[in-house]
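Heads up, the next two complexes both have subunit A, just with different partners, subunit B and then subunit C.
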Partner chain A sequence: MKTVLVIGGGVTGLKASSELAEMGYNVALVEKEDYLGGQVAKHKYYKLAPDLRLAGEVIDPVIKAVESNSNIKVYKHSHVVAVSGNAPEFKAKIKNSKGESEESFGAIVVATGFDHFDPTVKQEYGYGRFKDVVTNAEVEEMLNPNGSTKGQLKRPSDGKTPKKIAIFQCVGSRDRQVGNPYCCRVGCVVSTKQAIEIKEKYPDSEVYVYYMDMRMFGRGWEELYGKAMEDYEIIFTRGRGAEVTLKNQQLSLRAEETIMDRPIQHSVDMIILAAGMAAGEGTIDAAKVLGIKQNDYGFLSPKDDFLSPNESSKPGIFIAGADKGPMDIENCIVEGAAVAAKVAGSLKN
Partner chain B sequence: MAENTDKMVIDGVELTGIWKEFLPSRILYEDVTTEFLDEVKKLPGGSTIVRCYQCGTCSGGCTLPDFVDKFNPRRFIDLVRRGHYDILVNENKDLVWKCVSCQRCTHRCPKGVNTQEVVRAIAKFLEDKKVFGKLTNDEAFDEVFMEEVIEDGRIDEVKIVKDFYSKTGRLKDMMSADQISLGFKMLTSGRIKLFGGKIKDWKKVSKRLKEEIQ
Partner chain C sequence: MSEENKNPITDAIESTKGGHFYKEIMKDFRIKESLHGCLNCGTCVANCPAAAFYDYSPREVCQMIIEGDEETIEEYMKGKIWNCAQCYSCKYRCPKENSAADIVMAMREIAVREGLAAEALAGYTRIAKLVLTRGNQLAPDMLSPDAFPDWGPRMIELSSKKMEMREELFEGFPGMNVVDRAWAAEDYTIYEMQKIWEESGALEKVGTVFPFLVDIVQDDMDDKKDEMEARIQEKKAKLEASKK
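After this line comes the complex of A and B, so read on.
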């Protein structure tokens, strides 16, 4: 039986690994960090959209399925530094602090995911300049009882609970200025979810979402959006955030309320930037090592988006999950399973 | 534009006479035409208007609304795009040209619209349509100033004052006693000169400038 190399231990890579192992293949799962679970674990996501289900309920079983399967060998804190050969005879060098080893593989799955867009470059939003301008990923971690603030939403500047919170949508997405004209595909539902979580925990708070359009196309997303307005009185304003300044020591934002045709100045205690998904360095690295094609934004290009969505530009190398572009967890799990089936099919002949 | 219906019936009751005056129809007769968009697109700086997706980043951060009520670059673009020429002229013609070219909009537009240039193109479009009619003093002065710079490469103080009064149809005012005495004082104190010098070979530059502006 051939061994499959899976690069990336996020939800996609984990699902692909356990599916392959269940089919009887040996799997080597290489993860650069010292934990499994990808971005979900890194930023300690607490509750998942759209059901507000604990992230652990989803990610823990996926991790457990990998750790408890003896067909899978997990290499944490490891990198694939070189790959040679062709399908179905690849040789890959895996490197970590203990040293380097070379092994043979029949196929390779790339599931290296994404990185959160770094909003520092959007200078007008003041991230990095004003402490109380934070990212959605940072809020995920704050809302988690096991996170840095033990589940409390706190202003980084003074540790106080903010009363008025604004959320800016599409930060680093749908934006030619930063070279990311695509939609992040999760920002809308994640912000809606976070707004609800905040209102549940702090019913006296006011949450304002500044958006261009709310893209609620996933299962249960539109319903969650309705709930946010009807049950939680979250205010959605149709206008993209224009700038953040300090007015009398308070954060103040400018945007246009486009439905009223008027610019507004709005003083708040905290601003959450719904930062989107960018191609991660890990993905760009992997593409280089493997010599597979990337698209204009650095994400991995399928051989054919419609007909072979999980095949890379090179035979025997497969791709899945958020390294192909923004994707939510549900679809990542589907992708993980789909790529496993594709790999199994390719190794049979 | 909203139109008053001749007959207004609400819940089966026909309103006549004075009631109708109180209840003008709010319906906007959307008669989308891309005719004006096509025109603006072709003007210098106008081409990126087609990229706008009406997000409001430009208008949200624009310098002007603090000083000029209702100045709204996003809306100017929208009105041109949808062919609402009447609204553009009636409600916005006195605003469009006030843009101070600070470029905040252009630097921030997430869609790659050169917003400042587009606003200028819309102002030019309205100017070409002759909607400004009689010029304001500011506008008249700007025009005279530019004409003189292009023609002579410099400003001749006496000439510009004369042209300004002439352009605004007030040559008579210029010859009033107090204006003449002011002029005399400025002349004797050396604040203004009767004849400005010429710039060598300016005619060639002037010709190029005019071609460029055309």
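After this line comes the complex of A and C, so read on.
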């Protein structure tokens, strides 16, 4: 029985591994961090949209399915540094602190995922300069009872609970200035979810969302958007956050209220940047090591977007999840299962 | 639709895209690089110093070109585009890398060419005159404190002793102890500059915006030209004589 190499221990890689192992294949799962769960674990995602269900309820069973299956060998804190051979005979070098080992594999699944966009590049938002400008990932961690602030939303500058909070949509997405003209596909719903969580926890707070379009295309997303407006009185302003300055120790933002046709200034206590998705460091490394095609933004290109969505440009190397482009957790799990089926099919031939 | 059936509130949209001014604008090489569709996100307006104080919106400029309505374009060329300060903040912030500032620049050139700019630029007659006759665009004398209340009360105090301050500041720099222009250029420099105005066709262009001004300046220029050319002849003759 051939062994499958899965690169990446995020939600997609975990699902692909457990599905393959259940079909009877041996799997080597290589993860660069010393924990499984990818970005969900890294940033301690608290609740998932649109049901506000605990992220742990989703990610824990996926991790458990991998850890409890004896067909899967997990390499934590490890990297795939070199790959040679062709389908169905690959040789891969796996490196970690203990040393290097070379093993044979019948197929390779790349599930290296994404990185949160680093908003330092958007200098006009002051991320990194103003302490109270934070990212949505940082807010996830704050809202999580196991996170740094034990579930409290606190201003990093003085530890106080902010009263007026603005959320900027499309940070590092739909933006040619930073080279990411694509949509991050989750920012709208994550921001709406976080706004609701904040209002639930702090009913006296005011939450403003500065957006261009609310792209609520997922299951239950539009309903969540309606709920945010009707039940939680979250204020959605149609205009992209343009600039953040600090005036008398108070954050001040500029935007245009495009429906009323007027430029506005708004003083707030905290600004949350809905930073989008960029190709992960692991994805860029994997593309280099494996020699597979990337698109203009560094994500991996499928052989055919419609007909072979999980095949890379090289036979025997498969791709799945958010390393192909922005994707939500729900769809990453679907991708993990889909790629497992495709790998199993290819190894039978 | 007959008159009586016409909805009194809703206007029917009739496209008037493709008129003369629209075509002229689209011919400009800058437009293709300056407009890649528009998200209507308002980033440009939020960053625009002109939009904060005047009736001007870079977003509207982009939308106007996309719609291409001839009447609206004409109206803009006569008025709103002249409120842009050409700081290019829109260009460096726009997520679509559009540049309303470049569109405005192209439209201004066409407005001048087509004779639509006279009214909007009437306030700049003094500046144009100074440029044509002295080669400077601003002079300390032009900055009367009443016109710039935002410069604060110290402006009034300072403007009463402009000359003394300049003399002190620019001691040893010839040509700087003047307040009716930024500095005094030499006669020959002005003569050369005016020759460039004339031969490049710039003077003619200015004439489409400030016809009276050019008439006045022309006399002045002709006098200066005669004087300078006589002086040049004199010098040449002297040079010839010294060679012999």
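Everything that follows uses one rule, which is that the second predicted complex is superposed on the first by the 349 of 349 C-alpha atoms of A that agree within 3 Å, B and C clash if a C-alpha of one lies under 4 Å from a C-alpha of the other, contacts with A are read in each partner's own complex, and residues count from 1 in each chain.
In this text, contacts are C-beta pairs under 8 Å (C-beta built on N, C-alpha and C of every residue); 3 or more make two chains touch, one makes a residue touch a chain.
Because the structure is a prediction, the values reported are computed rather than measured.
Student: Kindly say whether there is room for both subunit B and subunit C on subunit A in the superposition, answering fit or clash.
Tutor: clash
Student: Once chain A of both complexes is superposed, is A:E124 in touch with subunit B (first), subunit C (second), both, or neither?
Tutor: Both: A:E124 reaches subunit B and subunit C.
Student: Between subunit B and subunit C, whom does A:S70 touch in the aligned arrangement: first, second, both, or neither?
Tutor: A:S70: touches no partner chain.
Student: So, does A:N248 touch the first partner subunit B, the second partner subunit C, both, or neither?
Tutor: Neither: A:N248 stays clear of subunit B and subunit C.
Student: Quick check for you: in the superposed arrangement, does A:R174 touch first (subunit B), second (subunit C), both or neither?
Tutor: both
Student: Considering only touches as defined above, state whether A:S97 meets subunit B (first), subunit C (second), both or neither.
Tutor: In the superposition, A:S97 touches no partner, neither subunit B nor subunit C.
Student: By the touch definition above, which subunit A residues appear in both interfaces, subunit B in one complex and subunit C in the other?
Tutor: Common interface on subunit A, subunit B vs subunit C: 124, 170, 174-177, 212, 238-240, 242-243, 254-258, 261, 263-264.
Student: List the residues on subunit A that touch subunit C in their complex, please.
Tutor: Residue list for subunit A touching subunit C: 124, 170, 174-177, 212, 238-240, 242-243, 254-258, 261, 263-264.
Student: Can you check the complex and tell me which residues of subunit A touch subunit B?
Tutor: 124, 170, 174-177, 212, 238-243, 254-258, 261-264
Student: Once bound in the complex, which stretches of subunit B touch subunit A?
Tutor: 53-62, 65, 70, 72, 74-75, 107-112
Student: Report the residues of subunit C in contact with subunit A in the complex, numbered from low to high.
Tutor: Within the complex, subunit C contacts subunit A at residues 36, 39-48, 51-52, 57, 59, 92-97.
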